[in-house]
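Sending over a structure as structure tokens; questions will come in a sec.
Every chain is named by a letter (A, B and C) in the order it is written, and numbering of its residues begins at 1.
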Amino acid sequence: MSLLAVHDLAVSRGGLRAVEGVSFTLNAGEALILRGPNGVGKTTLLRTIAGLQPATAGLIEMAEDAVAYAAHADGLKGALTVAENLRFWAQIFGGEVGAALAAMDLEALADRPAASLSAGQKRRTGLARLLVTGRPLWVLDEPTVSLDAASVARFGAVLRGHLAGGGAALMATHIDLGLEGARELDLTPYRARPGRAEKPAGFNEAFG
Amino acid sequence: MLALLTRDLRLATRAGGGFGLGVAFFLILCTLVPFGVGADTSALRPIAPGILWLGALLACLLSLDRIFALDHEDGSLDLLATAPLPLEGTVAIKALAHWITTGLPLIAAAPLFGLLLHLPAEAMPWLVISLLIGTPALSMLGAFGAAITVGLRRGGLLLSLLVLPLYIPTLIFGTELIRRAVASGDPTTPLVFLAGITAGVVALIPFAAAAALRVNLR
Amino acid sequence: MSIWEYANPVKFMRTSGAILPFAVAGAVVCTVGGVVWGFLTPDDFRQGSTVKIVFLHVPAAMMAINIWVMMLVASLIWLIRRHHVSALAAKAAAPIGAVMTLIALATGAIWGQPMWGTWWEWDPRLTSFLILLLFYLGYIALWASVEDVDSAADLTGVLCLVGSVFALLSRYAVLFWNQGLHQGASLSVQSGERMSAIYRYPLYLSMLGFLLLFVALVLIRTRTEIRRRRLAALQAREMRA
């Protein structure tokens, strides 16, 4: 059963196509790592699949409400404690807080206000939210930023557990998370060629 | 939905949430007015309903940019947009939270400040009624303005410029309601219009605000 | 060939370039002709020579409203059919509409002074135009504030839609709030007291002149916007490469 199927996808940033013609499928238990130089369009592609921006062309096939998205910003409220932050997302998505706290080693911090956490601790809370959502398809944009080696290893274990449990992950990362059998997709060959398109992505293409 | 509402209420009442600032601003405004126009009852009484409505409207404006800006900065808005809530519902809930934390305290304080401005006693209930019916529209329209300006660095001033003209019908019918109730005892017509505007705004503006939010998220 | 072909930038530039000289010439001839002809009409028996400002006031007021309607239509075309020129035309029209509103307000004030004995009266019509000016200013300010043109086009489109509803709503709210001393519409068919023909024909000419003036200005401004977008597109491509 494929959780995500992408056909001939084009995504754009700043009114110009970034990448085009991207196709792949992601089955339960699989992980796909996007590669490519800065600015090639990894973040844009991830945001498009998460549903935060419309695709310029192509088709994204997946179940409704399948995606859990995590990017540079953790979406934490400094005035709330770690547990309160996670409990909020649990109520929204309908998941479990306790297991997520344990998995990301946050139990000792549970009653601390998020404002008092270090950058790495905030990051761990942000990643614990993925578990709370209970969603199968994790879309991760540089998930390991500001994590120390131990936390990276811990997150790697969480991710392997998620895949083993029938989940899937699509991510952009430069760090080896120890995922065996993870596929890689280099976006460089899909870089969009400038020129007039059938349907312009924005003003910069319509008048280019 | 309820979770989002309780979270927003909790955030507003915790340290740094800015709860009560609106009422304080409202008080300052009502204190300054007699210095500007004179303290005579004959000068204050006729303008009291208008001043109270204007004060409530401006106090409401102060906290509008917080509706989405904070959630946009820390990334919560991205996460809410991928949540199983429809974005229209998120907008409506956040506007409701703004109304509870800003509108309701203003309504509670308005009769008290009405005393300062020599508002006649028979106008007091009508003041409260008109604010109760009118201020939800102010919060909802404010959420629309906040959704449009959420990505902008200096959005505050622009937000006022966009939102204040939208407040004109509510302001007119709100003050007219009090005036007619006091003058003739029959405020039915402005009451119906005021309620109609609020109902229309609450029903339709969430869609426009959600559309604006989607544009600003991409 | 469908009408939407004209929304293609290249085609728009070619067509508008061909129309432009005629629009400019027509605007100059009709506006100058209408105003001068109007100025040569005899004085009104009640309002005296002051009535001649009507040849500026009424066409400007008419265009102030019509330009907003045109912006609404252009915004709808942009939001539904995604024709980029349409969004740029709405952007180009807004400052012209704001100036037309200003002209209507200023001439109204100058006319009101001898007629009503005051420069400004919170009369429903004048007030409605003042509110319309606020909506124009908000729309222009939003275009100016949003850097990303794709977002700006969508956001101003939504604002124009919501603003139209509230401009209309404000019009009726203001009527309810204050029944004024403004005279009824000068050209309405139902009104018993109609404008006599010697005033009516120069007024029609002046209105046509203002309409052509708007067409000429909006074409020039839209062409400028298209060239600016073309420049920005080339720069963006350069930076990406």
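Just so it is clear, a contact is a pair of C-beta atoms (placed from the backbone, for glycine too) under 8 Å apart; a residue touches a chain by one contact, two chains touch by 3 or more.
Keep in mind it's a predicted model, so treat the numbers as computed, not measured.
More inter-chain C-beta contacts link the pair B-C than the other of B-C and A-C. A centroid comparison over C-alpha atoms places C as the chain most distant from chain A.
Chain A and chain B have centres, each the mean of its CA atoms, that are 37 Å apart. A straight line joining the Cα centres of chain B and chain C is 32 Å long. Here the spacing of chain A and chain C, counted between their Cα centres, is 48 Å.
Multi-chain contact residues, meaning those touching two or more other chains, occur in chain B at positions 218. Here chain A touches chain B in the complex through residues 47, 50-54, 65, 67-69, 71-80, 84, 88-89, 91-94, 129, going by the rule given at the top. Contact residues of chain B toward chain A in the complex are 2-4, 7, 10-11, 14-17, 71, 73-76, 78-85, 217-218. Touching chain A in their complex are the following residues of chain C: 9, 84, 148-150, 153, 226, 229-230, 232-234, 236-237, 240-241.
Looking at the complex, you find that chain A touches chain C at residues 14-16, 194, 200, 202-208. Within the complex formed with chain B, the residues of chain C that make contact are 131, 134-135, 137-138, 141-142, 145-146, 151, 154-155, 158-159, 161-163, 166, 169-170, 172-174, 176-177.
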